[in-house]
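Note that the chains take the letters A, B, C, D and E in the order they are written out, and that residue 1 is the start of every chain.
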Amino acid sequence: MAMSRHVVGWMQAAPLALVLAGFLVLPVILIVVVSFWGATEWSIYPAFLWDNYEFLFSSPVTYRVFFNTFKYALITWALTLGIGFTVAYFLAFHVRGQTTQIALFLLCTIPFWTSNIIRMISWIPFLGRNGIANQTLLDWGLINQPLEWLLYSDFSVILAFVHLYTLFMVVPIFNTMMRIDRSLLEAAYDNGASGFQTLWHVIVPLTKPGIMIGTIFVVTLVMGDFITVRFMSGSQSANVGRLISNDIALLQYPSAAATAVVLLCTVLLVIAILLRFVNIRKEL
Amino acid sequence: MGKRSTSFYVLAGFFGLFLLFLYGPTITIAILSFQGPQGGLTFPMNGVSLHWFHDLFQQQAVGDIWGAFRRSLLLGLMVMVATVVVSVMAGLAFRKRFKGSGVLFYLAITSLVIPSILISLGVGLLFDQLGFKVHWSTSGFGSQLTWTLPFGLLIMFAVFNRFDKSYEEAARDQGASAWQIIWHVILPIIAPSLIGVALFGFTLSYDEFARTLLTSGSYNTLPLEIYGMTTNVTTPVIYALGTLTTLFSLMIIALFLLTVWVMGKRRSRFGSDAGKGV
Amino acid sequence: MGREYDLELVNVSKSYGDTVAVKGLNHKFHAGSYVCFLGPSGCGKSTTLRMIAGHEDVTSGSIVLDGFDVSDLPPAKRGTAMMFQSYALFPHLSVRDNVAFSLRMKGVDQTTRHKAAGEMLELVDMSQYADRLPAQLSGGQQQRVALARALVTKPKVLLLDEPLSALDPFLRIRMRAELKKLQRELGITFIHVTHGQDEALALADEIVLMNNAVIEQSGSARDVFNAPRTEFVARFMGGHNVITLDSGKFALRADEVGVGPSGMPATVTGVEYQGAHVALNATTQSGEDVLALLPEAAFFADPKNPGDAIALTWNEGRLHRLQA
Amino acid sequence: QEIKDITLRQFGTGVSNLNEVGQKVKEDLGFTLEMTALDSDSVTQRAATQPDSFDIADIEYWICKKVWPTGNLQAMDTSKIKNYDKIVGIFRSGKLTPESVIAQGTAPHSVGFVEGPDATSFAAEETGWMTLIPTIYNADTLGIRPDLIGRPIESWAELLNPEFKGKASILDISSIGIMDMAMVCEAMGEIQYADKGNMTKEEIDKTIAIFTEAKQNGQFRAFWKTFDESVNLMASGEVVIQSMWSPAITAVKSRGIPCVYQPLKEGYRSWGGGIGLSKSLSGMELDAAYEYINWYLDGWVGGFLMRQGYYSAVPETSKNYMSENEWGYWFEGKPATGDITSPFGDVLAKAGDVRDGGSFEERMGRVACWNAVMDENQYMVRKWNEFISS
Amino acid sequence: MGREYDLELVNVSKSYGDTVAVKGLNHKFHAGSYVCFLGPSGCGKSTTLRMIAGHEDVTSGSIVLDGFDVSDLPPAKRGTAMMFQSYALFPHLSVRDNVAFSLRMKGVDQTTRHKAAGEMLELVDMSQYADRLPAQLSGGQQQRVALARALVTKPKVLLLDEPLSALDPFLRIRMRAELKKLQRELGITFIHVTHGQDEALALADEIVLMNNAVIEQSGSARDVFNAPRTEFVARFMGGHNVITLDSGKFALRADEVGVGPSGMPATVTGVEYQGAHVALNATTQSGEDVLALLPEAAFFADPKNPGDAIALTWNEGRLHRLQA
């Protein structure tokens, strides 16, 4: 062996390292740097100012928006976990025959291949004041006023999030469940465990890695989102992503960068905590 | 395991509702895309026609759907190839620990979890400060890779975790060089997974919005164009586009499954003694 | 030992779609006996065992335990317990919690169930490992934990599906002695699936030899070995030759075949040293393969090599007529 | 290089970046005009930060105020503009008629001229060097759904009337939205602005505070950023009152949904757009660009735009491309004598209908303010951002 | 058969970090012999084999083949070939292409390499399966292909790491006969790792018994079985008792122990039927376990049960003194 494994390793990893250096590390460094810069109406100039952070941390809106971001992440996480786990559980343990399992699984993944924006806007004719949902409820006489909160509300935002991201929960959980040795379930059954006891004492503990990976996906996707919130709340609600994108739209890059730095730290912190519970490389 | 339990039916019902939830909106717009020429974006249907599909192929008042489609297709293919090549190389690298591999791994994870808008913003700023022009095929391409590569890498981890090293030893034993091992043994064996990585890379790119938003320059990719349309179009033509994009995605999956199926068929041609004690 | 017959299969069948895995099995298992199911791969051993355990429904027929038809009861209510081939220990639970699992499911409080688990671990001599996770145990240790977990439910019948196959040969022999000893001590029925005839011979009070979804022969180990009913049994049990004479087919134990100055002429085709014996393979003029197990000393007194012409001898009285 | 090989890249909002114009340019002038339509923010952003990505910027005057100092645009020599003299007064002296009062805000003429080709600051009056060639403009007001409101609306103040809780909207483009807000606050009598087009920080705070409170009380259904979003909100009945652009109202009406462009007693908020040339344009491309500008002012585009409800910078030439009925309806405020159709063939009005707000003079003569970029703009933008995020 | 000694390990050691997997091995392998490496799990068998093959670097020492130090050569240059435990057949290549793989790597043209592969497949009797993929073959067939692939390189030494462990017991016995036959025909050295002593006894011209990273004993199968050097060897080879007398420890073959009217008093602890024999376990008064392998007929003439008091007899001349 002529070259050391370190050299060979780096040669093979070089393209990845280069892409990450150029399109992740440098940009993030630049964001950090620019977060201290100043801005005019149309341009940014190098400086070392705390203004952007000062403004950010002094505005009550910031806290509200961060709170909103966590709120969306938490609620979406809880719902996607509940739905994702149930669906994965059904597929993995109640559907017989691998062909059926895979077929049903694929059926779940198909909508994932459609444009997110289109999936999102498809809710509008459904949920609107005169949308299908309201019409149906009116026709059935369940309500006599259209429900306003179906669209352009936190409800619709979370609905869209759940719609977009549940699959990110289903996939890793299903994957982990499929690797659970079936004889463990029989052993539990043999030991007198009821279906629910088996679920709680055997399946859930063994599915934790999948749940963690799904959680990482959903939490980061929701925390970094800016477009779903804008669309589905009719611009009425905001999360941190929107704060940033609004700043960007108004050419206030340093201010956007400062917010971005805070968001990045928050997300990385959350993920670092989650990663303590799972060894991603091993669980794949 | 004979009779189905009650919980099976409850869960099956739940699963059905989930599918309905998943497909409901897509089906809604699929139906609405068949609106009559006078129809609007909402129910009730105002006649039934293919008008909006036809309209989609006419020039729109604003924008350039088909140009955007071509760009997205091309960009998707570029990202696909890059993702496969780079992920495989990195996957090979990560099979052995090398100095700094931990840092690189966590960078890749960061790349996966970092909010997309930061990449968009950062790359936009970077190109601006360096005096480069942003363009979908340069800055857009790179930004999308920050999203597809970690996925590709994770898939490669999964693949190599299951890869039996004795294949390589056998090949080395048979006199294959390092390159020959990769080319004649590793790549063919992991080929099905690579098709998966390719498909994934393509569609992640084809549908990527946030990371391309500030990095694509003068020409829109399809998701950006669709986004533009949501703000510039008031007719069901956008639903027709949505329906067609969905069909296009389905076609790609079908093609993929078909390939896998045909390959399987071809292989089973010679019968099998597998599992028999002979 | 209460009733004479403890567990009975009454016309039990199982089909998977078109495949018939088990066809009309009838058998009574002597209470407190060690029973081995033996047979080639795919003959239906596991399926039978799993039907007894309740992990597989019977397609038709009944499983009767202690006079009650248990065919429709869930596994834990049958009075059986199963030990799985790869042990199926819960990887997230400690040894103690694995053993105490069934008690926990019943709602037994922690002190009581830990005490019961402790006793079982004592029985299988694993007390000092109670806090380990299964992954931290060797194969033999895991097996003992699996045994303890199965036994903690005080089953009347313990079902074991190839319990020794994951062990290395050394350990396998040690563990099989332990299994046998345990069964003696507990006095309950063990039903043990294997496809090693040596294992079955060593352990079984009764061997049930299956082939093609039916029971080919059953009886004490000695009966089956010494009086194979069919050619299949003779060949499967090993140590036998099947010799075709004018009057029919006969089984002849390999250790009853000698090499003498005169006898059936044959040519040596292979010699395998087996420690105390040497296995000599020869082909007769009619093309039949015959195996002679010669005492080592006798063989090396007059060694043969492949290709040598020899004469095979045996005592006519030792020929055992086969029915099929 | 031949003219047919020339490609000019133009971008702007969906309002005027219409592919038909590009096609017509190809027919009439022979070169290629590539059109990219974006929302207002993206337009500003691209004009300010990506000078290489375009040849022609189709932007609004208030955007020009932000972008010109970047040096990304080049001044245009009015002597090369054939119809320069026929451009309406608003874009030259600031006055529609000699006796008009100049409205508050960023009036187009105030950012329309510079001293010379390389000047970076705006000139007070006509100099012969123009920043933007005016192309399109209009006066905006509230649009309403009379069928869902059922009573007359006369004041901007109605936008915050709790009666319309959850059914009102304004647009999320700070420089425009703040002016709408100011119209509302002033009409409510909450604030008297010295100059709505150039608020003080206190005025900004107060204005935003009033709207933030309304937002928190659920006054708004949604905010919109583009023309079509406003159309969809109105047409679907999600919103019954919102600040709106005239052609958007036309678009709602063309679907058979009643919608009124409601003249209000406080007057209109107006806006104007024009095309500017990238600094990097030179040689044959520059010549082609001038050719394009002259063609633009020559009437075909004017007619095309006017038939959608906008006004042309050179109305006289546009008249040649419109029927008498059309000219009467759109420009003179006369009842239609037959069907009025949009350039895309939709019927917008029937015989006897009169355009809301009346004639050109009636509308453009009652402008209260222009979309503006104020001195405290940066502060305003931050507060705006807070408002949207609150 | 050229030189007398073909392959030699000279003071070969291997450490993984702190673990010493192989410690100072010295051994000469007789050219053309069938050598079995035997030993408990983790004793270093695979490591030794893999060092010979070149898949593992030696930490110190040399591997000398035909007089050349090959320690630093890549696997394919050593004149060795390896057959892997799970065969490691390339799943994407047909049987023919698998066998022809090494030739393809060398750039041999298709016709030539297909011809060579065809011959090898002929040798292992797999010609009719040349177009199949490995997944379409049974375990035994796969093994033959793996053999053919290893042999096509015309190695001087063929290395096999537990080649039979993936097969069921029935097939295992058949395939081991085939291996032996092939080795005879080819006349090259086979080095075969196993942890089944029966397999080693049956196959080996020479057994190398490892324990704890060193060679415990080596020699012909018969020598090792009949003259175990240490207690470990005696116990590991099986069929032996280790008996402590005043004069030291002795090995005594189990089939040399009888039950008589007088002799060493002992208590029966277990009886295992083994077909031709019965294994009787007993404990002497000093607490030593003794195994007696009694001919079946003799045993059943006077059967014993656990708990019975008996007297064990043997011929003093059969005691074999152990060194450790």
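The definition used in the following text is that contacts are C-beta pairs under 8 Å (C-beta built on N, C-alpha and C of every residue); 3 or more make two chains touch, one makes a residue touch a chain.
Computed from a predicted structure; not experimentally measured.
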{"item": "Leader among chain pairs (count of C-beta contacts)", "value": "A-B"}
{"item": "Identity of the chain that, by mean CA position, is farthest from chain C", "value": "D"}
{"item": "Centrality ranking, top chain (CA atoms only)", "value": "B"}
{"item": "Euclidean distance of C-alpha centroids - chain B vs chain D, Å", "value": "40"}
{"item": "Centre-of-Cα separation between chain E and chain C, whole angstrom", "value": "25"}
{"item": "Approximate Å spacing (C-alpha centroids) for the pair chain B, chain E", "value": "51"}
{"item": "Chain C: positions in contact with at least two other chains", "value": "40-41, 55"}
{"item": "Per-residue multi-chain contacts in chain B, two or more chains", "value": "1, 41-42, 277"}
{"item": "In chain D, residues with contacts to at least two other chains", "value": "49, 225, 236"}
{"item": "For the chain D and chain A complex, residues of the former touching the latter", "value": "41-42, 44-45, 48-49, 66-67, 69-70, 166, 172, 174, 215, 220-225, 236-238, 373, 377-378, 381-382, 384-386, 388-390"}
{"item": "Residues of chain E touching chain C in the complex", "value": "40-41, 168-170, 177, 180-181, 184, 195-198, 201-203, 221-222, 225, 236-239, 253-255, 270, 272-276, 279, 281, 293, 296, 300, 306"}
{"item": "Chain E residues within the chain B interface of the complex", "value": "53-55, 74-77, 81-82, 84-86, 88-93, 101-102, 104-106, 129, 131-133, 135-141, 149-150, 153, 168, 170-171"}
{"item": "Of all residues in chain B, those that touch chain D in their complex", "value": "40-42, 59-64, 128, 133-134, 217-220, 228, 231-234"}
{"item": "In the complex with chain D, residue positions of chain A that touch it", "value": "39-43, 55, 59, 61, 64-65, 128-130, 148, 151-152, 233-236, 238, 242-243, 246-252, 255"}
